[in-house]
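Okay, handing you the structure first.
Note that the chains are named A, B, C and D in the order they appear, and that numbering of residues resets to 1 at the start of each chain.
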Amino acid sequence: MPVMTADDLHTFLAAEFPQVKSDFVIEEVRDMGIRVRLKVEERHLRPGGTVSGPTMFSLADVSVYLAILAMIGPQALAVTTNCSIDFMRKPAAGTDLIADCTLLKLGRVLAVGDLLIRSDGVEAPVAHATLTYSIPPRG
Amino acid sequence: MPVMTADDLHTFLAAEFPQVKSDFVIEEVRDMGIRVRLKVEERHLRPGGTVSGPTMFSLADVSVYLAILAMIGPQALAVTTNCSIDFMRKPAAGTDLIADCTLLKLGRVLAVGDLLIRSDGVEAPVAHATLTYSIPPRG
Amino acid sequence: MPVMTADDLHTFLAAEFPQVKSDFVIEEVRDMGIRVRLKVEERHLRPGGTVSGPTMFSLADVSVYLAILAMIGPQALAVTTNCSIDFMRKPAAGTDLIADCTLLKLGRVLAVGDLLIRSDGVEAPVAHATLTYSIPPRG
Amino acid sequence: MPVMTADDLHTFLAAEFPQVKSDFVIEEVRDMGIRVRLKVEERHLRPGGTVSGPTMFSLADVSVYLAILAMIGPQALAVTTNCSIDFMRKPAAGTDLIADCTLLKLGRVLAVGDLLIRSDGVEAPVAHATLTYSIPPRG
């Protein structure tokens, strides 16, 4: 079961990643999973009004990271080792993105998270990503 | 909704891929998804009794292919363009593998399928894969 | 052979992606390949002084995009459909990143680019990425 | 520098993986890299005479595995954790496949190998793959 709440994770994010903290809202923390909202702002957009690829990558990366921390606590310095992301549809213009993330594996040295990104209120997914994190040994 | 049943797909597999037809049983066909059983035989195993990586790749590839055909019919010559697969746990020895596949996208030229592979009766997934197929234009 | 020069690509980038144009310098355009420098600024960094994952994703994405445009010209609205990226080493602090990109395939509907990202002057690669772009039919 | 020769690797393969040993010929072992030939036989083919996807996956997997062993010796029980593979062109009919593999990283716990697969004598690559292996701690 999670050892950090959504509030704990917000506090952690604000302290460690002040430059992105206002981008993300943790909407739900559950066993081996998390739901994160990206509050879309002008700076996330490409010409035409859709959210940029790097912004979606960022949402995917943060979501898996926070899902891991929620389970193992804030002491870990996990780093991304691999990300595979499929961009499947254009995001709806001017709409927040919601990432729904499940940890498929939370091992001693590797964790694997899988997620779908959707435009808020739209069923068909915008993107799908799978990320692997390397978890350093505890001190 | 699917236009081919599990029986239709078995018939198609036997005609087009006689060399692998006895490996796979289609257990369920649903809207944009499929469940396929790999009947594990000696030839699928690595020393130690676990199913080999190429065999799991084969299960993933066939599952997405059949999920696409179920939706668009047997006329298509879809080809795999990308596969990303994460191997997360050792399969249980001497146990069939079950692939649960969902099509995340079924476009005019590209389809994306996502699947989990589990040892029959075991909840924790053995592998996760995402595959992209290119669908040639209809004649 | 390329139909756009480094200067052409800089002009295109400035017109179409004004928000990122100052991040990237195209150092070389060659047949089916390109070398792009990311001028690392404060905003690209994570705590600790290393370049963030989303920034490296952005460099990878732009590099393959520009390698494609260099070959087919600026008329195309190519979109990323898949990216697989491996993060292998920490970038050197305060150092530009260099992406060396090769197009492995430039088909009628799909292009595949492969690249290594290195810290300027360091041989061991920081990251490796492979991206697929979908190329829309010409009007 | 490598600690195993091509002959050492053939002997290892014959002892540990007798079911596939006759498929592969190690053509070159170099520092952080290897070249492996798949001797194409009837059983590797799909209808139409092209090499099947699982066979190419198998070639990719074996090549990275042997490249790692060549560098660290036969004691290791390395396991594949991730593979991303792009299928770009149809292999030439009735022609061996050649995999050219480079290790991009050979760390204490993770190794990353990158490779191109070509039909023997044809420059344009058939497939590209990147694999991550997890290396267990030495006893």
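FYI, a contact is a pair of C-beta atoms (placed from the backbone, for glycine too) under 8 Å apart; a residue touches a chain by one contact, two chains touch by 3 or more.
All of these numbers come straight from a predicted model, not from anything done at the bench.
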Chain labels contacting chain B and also chain C: A, D
Longest centre-to-centre distance from chain D, chain (CA-based): A
Chain centre separation in whole Å, for chain D relative to chain B (CA means): 23
CA centroid of chain C to CA centroid of chain D, Å: 28
Between chain D and chain A, distance of the C-alpha-averaged centres to the nearest whole Å: 34
Overlap residues in chain A, where contacts from two or more other chains coincide: 81-82, 84, 86, 88, 132
Parts of chain C lying in touch with chain D, wherever the complex brings them together: 84, 86, 88-89, 104-105, 107, 112, 114, 116, 124-125, 128, 130, 132
Complex contact set, residues of chain B against chain C: 81-82, 84, 109-110, 132, 134
Complex contact set, residues of chain B against chain D: 16-17, 19, 43, 46-47, 53-55, 57-58, 61, 79-88
